[in-house]
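Let me give you the structure first, and then I'll get to my questions.
Labels run A, B, C and D following the written order; every chain starts at residue 1.
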Amino acid sequence: MKRRFALLLILVVAAGLLFVGCQKEDAAETAEKAASIKIGFIGPMTGDYANYGTLMSQAVRLAVDERNAAGGVKGINVEVVVEDSEGTVEKGQAAIEKLASVDKVTGMVGAVFSGVSIAIAPRAQAEQIVMISPSSTHADLPGIGSYIFRTVPSDALQAKVAGAYFAEELGIKRLAVLYVKNDYSQGLYEEVSKSFTAHGGEIVAVETALQGDKDFRTQLTTIKGENPEAIYIPNYVAEMAQILGQAASLDMDVQFLSADGFSNPEIFDLAEDDTNGVIYTGPVDVDVTPGSAGFVADYAAKWGVEPDSFSKNSYDGANIIMDAIEKTYSGTGAIDRAAVRDAVAATENYAGVSGDVSFASNGDLIAVQGIFQVVDQKPVQIGVYTVDGEDLVKLK
Amino acid sequence: MSLLYTTQLTRAFGGVIAVSDVDFAVEKHSITGLIGPNGAGKTTLFNNITGMDVPTSGKVFFKDEEITGMPAHSISRLGIARTFQNIRLFKEMSVLENVMIGRHFKTGKSMTSGRLLNAVRSYISMKGEEKAIYDTSREWLEFFNLDKFRNESARNLPYGSQRELEIARAMATEPELLFLDEPAAGMNPQETDRLMATIRRIREQGVTVLLIEHDMKLVMNICEQITVLNYGKKIASGNPLEIRENPLVIEAYLGKEE
Amino acid sequence: MLSFLLLILIYTGLYAILALGQNIITGVTGMLSLCQAGFFAIGAYVTAILTVSYGVSFWLTIPLAGLFAAAAGALVGLPTLRLKGDYLAIATLGFGEIIRNVILNWDSLTRGPMGINGIPMPTIFGMTINPYKKWGFLLLVWVFVTIFYLLLKRLTRSRMGRALEAIKEDEIAAYAMGINTTRYKVWAFMVGAFVAGCAGSLQAAFTLSVTPNTYTFMVSVMVLCMVVLGGMGNHIAVIFGALIIQLAAEFPRLLGISSTVPPQFKQIVFGLILVLMMIYRPQGILGRKRVNYDQLTGTLEQESLLLRVRRIIRIGVKR
Amino acid sequence: MGSISEFFQHFLNGLTLGGIYALIALGYTMVYGILKFINFAHGEILMIGAYSGLFLFDYFRGDLPYGPLLMIVFFVAMLISMVISAVLGMSIEKIAYKPLRKATRLAPLLSAIGVSFILSNLAAFFWGTKSRKFDYPFDNTAYKIGDVAITPHQILILVVSFLMMVALKLYIDRTRMGKAMRATSLDQDVAALMGINVNQVISLTFAIGSALAATAGILIALDFKVYPTMGAMAGLKAFVAAVVGGIGNITGAMIGGILLGLLETFGVAVLGIPQGLKDTIAFGVLILILLVKPEGLLGKAEREKV
C-alpha cells in the first residue's frame, strides 16, 4: 500500500515536471514569434465581489481591443491576460506569479482591493512590471515601489476634501457614520473623521457592519436616535443601496453623504429614487473630459452594462501602459521595462476618460476631487475641489 | 461482603421511572444474573452503575466506596468493565487494536497527573510501552481463542466472535467486576455453550461477573445469584432454584415466555 | 512558469500543514470541525503582531503562534465537545467566523480590515529567506510539513492515537474502556489548532502582510476537502489531498487557459470534482475500504426493532 | 438607547430579520429533519428561486401599475419559481445525495458544498455577477405608528412566514404523506419496513423544502436584491435558527428564527455588542442551547441508546 502510494506520488510529480517542461517550450516558441505584447489584469472575477473585477476587466479588454483594431502597438497585437484574485491575497499572489513568470506581461492593471495590491506590489516591483491599480486607495500603496501607480485618488485626498467640504461648505456640525469593516470603507471613515473634526465638526455616531451584511436597520435606528444632520456612508454599491432603501423604510429624512463608491451607476438601478439628494465625492465629471462620453457608449455597447468610475480608471490605466510601450518600443521584440516605467511615470495631464491623469513622483495620482449631488437619479457635479495642506481649495 | 451494591437507586426519564428504588448487590467472585422482561430497566441499571448515565437518586457503592455519578472512564479505572447490548466494537480497527484499547489506562502513568509531561514521556518510551501493550493484548486474544483473527477488521468477525471480542476487550482492562449486557443475544446454541464455558473461565481468573440475559438456559446454568426486575422494581432475588419458583417472577416474566 | 509552480508548492505545503492538523481533529478523532481557518488566522496574526510591533524574532513566534492557536483550540473544544456531527460543524464554523470577526473589529491590536503590513523577512544564520525568491521558503515550509508529518504519524500510532481513533469509532465504548474522552477530544483540538497556528505563522512570513479576509470559512472548507479527498486519518494521504486541491484550484492557470475560459469555470469544475468524488470514492483517494456492517451480520436486534416499530406505530402510519 | 419608539423600532427590525431567518429555517429544518445533514446547497436553491422569480415577474408584469392584478402576477411568478426550485431540489437530491445515503456523514456534506459551488457559479456565468433589483409588487411606503415605521414588505414577510409555518404544520400533522415524513425522519429502515416509500418521501421533502427556499428567496430579494452569492451563508443563520428551535420542528424553526432576529438586534442595539460581533450572538445562543437543551427549544429529546 505504502509502496504503491510512493509510486503514485512520484508519478504525479514526474507528470507535473514534464508538464512544466512542455509549458516552457511553449513559452519559448511564443517568445520567438513575438507576435504580441501582453498586459495583465488582476481582480476578483468570482466570489462576493466578482462584479467589481468583471466591470474593470471589461474596461481593460475594451481598451486593448480598441488599440488592436487601430493597429496595435507599433503594429504588434496587444494581448490581455485576466487573472482571478477571488479578492484574496493568496489567489492574488498566484495571479501575479502567473502573469510574471508565464505570461511575462510588461504591465498590469490591478489589483482591485488594497489588501491584495499591497501584497502583490513587491512582486510587480521585483519583476519590473508596471502596476496601475484602478481602485486601491490605501495610503501605503504607491510607496511600495517605483513601478507602482494608481489612477484612483488616495483615501487621503478624497477624505480631506470630503471632511472639509462637509464641515465648511455644507455647514454640517453633527455627522453620523455607517461604514463596513473593509479596508476601503474603514480607510475613508478614519481619514474623513480626522479632517471633519479638524474643521470643527463632531462625529455623533459611528456604526459598523460586516462585509456582506444586508440588514442595516439596527444601525440606522440607533443613528436616528442620535439625530445627526447627515450620515456618511463610504461603502460599496451593494451596501449603500441597502442602507438608502432601509433608511427610507424607516422613514428617515436625513442628508446622506458618500464617496466614490457611489459613482457606480449600478446604484441608480438598485436604489432608484432613494439616491436623490445624496452628495458624494467622486472623480471629476466624466462629461467634461473629451472621449469619456464615447467610452461610456462603447463600453455599454460592447458589454451591455454601464461602466463604473473604477472601470474608467482601469481603461485609462491600460491605455497609459500601452502608450508607454508604444513610446519606448524599439521594434526589436525586446521591451525595455525600465523605459516603459519611466514613460508611465512621466504621464502628465493625460486626457483620460476618468479625467486628467498625472502621476506624482511616488506614483500616486495627482487628483482633484469632484463633488456630486444626485438629482432625479442623475449625478450632477456641484464643484471640483482639492486641498492645500488641510485647507479646501475650490477649483470650479 | 458485597463487591458492589446500590441503595434505593432510582432513574426517571421525565415522567417515566425506568429504575425505581432498587437495592441490588453483587457478591465477590459470584456470577450474578440480572433478568426481567423487556423494558424492565436492566440496561438502565447497568448504565447508572457504570457511569454511562447518572441516577436521579440513590447511591452506588463499589468496594464500599461511593461511585455514584462518577464518569464512566473513572469507574472503569476502578475495576468495572462492561460490554454492550448492541455490540460496540471499534469496527474499523483491527481485532488486536480493539484489545489494545482495553490496555489503554493500564499502561503508562495515569493521565491525570502531569499530562503534558506524560505525553512527552510516553512518546519517547513508546517502544517499550507499545511492546507491553501488544504482548498483553495477544495473551488476552489467546485466552478467547481470537488470536488468529488479530489482523482482521473487527467488523469482519463472525457475530459470535464479535461478542467474544467485546468481552476480551473488557477483560484487557483487568477488571474486578465484569458487566455483560446480553452476551448471548443472537448466538446459536453452540456459540452459547462456548460462551458459558468462557464466562466460567473468566470467573476462574478471580473476576466477578454480572450479566443481563434473556437466554434462561444460560442464566439458570451459570448464575449463582439472580435478581429480577420488573417495571423498574426489584421483584425477587435469590439462587436459580428460588427464582424459578418465585410466583412473582413466574407471573411477571417466565409465565409470559411459556 | 517555474516560479509559479514553486508558489503552488509553497501553498500546497501551507495547506498540507493545515490539513495535517485537521486530520488529527477530523480524520483521527472523527470530530467534524470547520474552524481551521480561525486557528490559521490566529497563528498569522500572532506572528504579524509580535514581529511588527514588538520586534520578536520570527522563529520564536512560530511556537508562540502555535500555542495561542492551541489555547483557542481548547476554548473552541471545551464548550462544543458535547456536540456531534453537523452540530459540531456549525458551532466550529461559527467559532471560526467569530475569530475572524474579532480580528476584524479589534482595530487597536490588529488594525482591523486594514491588515498588518511590513512583516520582516525571516533570517537564518544571517541569511534572509526572501519569500519572493521562493526556494528558501519552499524548503522552510516543506521542512515543517515533514516535521509535522513525522510527529503526527508517530502520535497516531501511539497509545494516545489509538485512544483518539477509538473515540472516532465508538465514543461510548471508548468512554467505557477508561478513556477520558472529553480530555482527549480537547487535546485533539489543541494539537490540530497548534499545527494550524504554526502554518499561519509561516503564511504571515511568506506574504509579509496579513488581512482578515484571507481566513474565511472557505479556507476551512478547502482544508476539510483535502482531508476527505486524501483519505481520513491517513497523514500522507492528506498531504496528497492538499496537492490535489491546489492543483484543482489552479488548473486553469497551470494550463494557461485562465484568461480564455470564464472565471467561473474553475469553481464549477471544483464543485463537480467534489460531488463525483463523494459519489464514487467517498473514502478518499487513499482511504480505507469500508464494508457495510449491517449486511454482514444481517441481524437487527430484536428488542430495539420492536421499540422502533412501536415508535412508528405511535405516529399512526398504519392506515 | 433612546426613546420608547426607538425600542419598538428595534423590536420591529428584529422581528423582520427573524421572519427572514424563520422563512429559510423552515425549509432547512424539513430537509435536516429527514436526512440529518446540512444541505449547504439550500442557499443556492434559494438564489435560483429568487432569479427565476425575478425573471418571471419582470416578464409577466408588463406595465401593470400597483394593484391587486400586479399582486396576482407576483404570486403567480412566485408559484412557478417554487415549482422550478422544487424540481431542481429533487434533481439535486437524486444526483448528488441519494447515492450517499449510506456513506459517512461527511460525504453528503461535501457533496452539498460541491453542488453549491456549481450552482452559484453557473448563475454567475449565465446571469452575470451584478446585483439585480427585484421591484416591489406594491407601494412599499412605510406606515407610521407614532415614530415607528413599518413597511408593507415587513408585514408580508411576517405574514407569509407565519402562513407557511401553519400550512406546513397542518400538512405534516394531518396528511398521510406528512406522517410518512415524520416516520422516515425517525427511522428510515423501519419506515421502509412499514411500507413507506422512503425514496418518494425524501424526494417530496426536498421538493417542499426547495419550494419554501424559493419563497424565502423571492421575499428576501425584494429587500436584499438578487445576485449569485445571495444564498451563500444565508442558510447558516437559518440553520442556527432551526437548531435553536429544535431541528425537524416546524414551529421551532419559526420561533428560533424570530428569537435569533430579536436577540441579534437587541444584542447590538441595547447591549452595545459591536455590530461586527453580531454573529457571536447567534453562535453563542446556538452553543448555549445545545449545551442546556441539546434537542432545541421545542425538539423532542432523543437519547442515544447505550
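What we mean here is this: contacts are C-beta pairs under 8 Å (C-beta built on N, C-alpha and C of every residue); 3 or more make two chains touch, one makes a residue touch a chain.
Just so it is clear, the model here is predicted, and its values are computed rather than measured.
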{"item": "Innermost chain by mean C-alpha position", "value": "C"}
{"item": "Chain pair bearing the highest count of C-beta contacts", "value": "C-D"}
{"item": "Whole-Å gap between the CA centroids of chain A and chain D", "value": "36"}
{"item": "Geometric centre distance via CA averages, chain C-chain A, whole Å", "value": "34"}
{"item": "Centre-to-centre distance between chain D and chain C (centres being mean Cα positions), rounded to whole Å", "value": "29"}
{"item": "Approximate Å spacing (C-alpha centroids) for the pair chain B, chain C", "value": "38"}
{"item": "Multi-chain contact sites of chain D, meaning residues that touch two or more partners", "value": "121, 124, 233, 274, 276, 279, 305-306"}
{"item": "Multi-partner residues of chain A (each touching 2 or more other chains)", "value": "46, 50, 181, 208, 210"}
{"item": "Sites on chain B at which at least two other chains make contact", "value": "52, 84-86"}
{"item": "Residues of chain A touching chain C in the complex", "value": "5, 9, 12, 16, 19-20, 23-24, 26-27, 45-46, 50, 80-84, 87-90, 93-95, 97-98, 100-102, 115, 118-119, 122-123, 126, 138, 140, 181-183, 185-187, 208, 210-211"}
{"item": "Chain B to chain C touching residues, read off their complex", "value": "38, 50, 52, 71-73, 76-77, 81-82, 84-86, 88-93, 97, 100-102, 104-105, 107-108, 111, 115, 119, 122-123, 126, 129-130, 133, 153, 155-156, 159, 162, 169-170, 173, 185-186"}
{"item": "Residue ranges of chain D in contact with chain A within the complex", "value": "1-3, 6, 9-10, 13-14, 16-17, 20, 121, 124, 128-133, 140, 142, 144, 149, 151, 153-154, 223-225, 227-229, 232-233, 264-265, 268-269, 274-276, 278-279"}
{"item": "Residues of chain C defined as touching chain D within the complex", "value": "26, 32, 79-80, 82-83, 85-87, 89-91, 93-95, 97-98, 101-102, 104-105, 172, 217, 221, 224-225, 228, 232, 262, 264-265, 267-268, 270-275, 277-279, 282, 290, 292, 300, 304-305, 308-309, 311-312, 315-318"}
{"item": "Complex interface listing, chain C residues touching chain A", "value": "1-5, 7-8, 11, 101, 104-105, 107, 112-115, 117, 132, 207-209, 211, 213-214, 216, 236-237, 240, 243, 247, 250, 253-254, 256, 258-259, 263-264, 266-267, 286"}
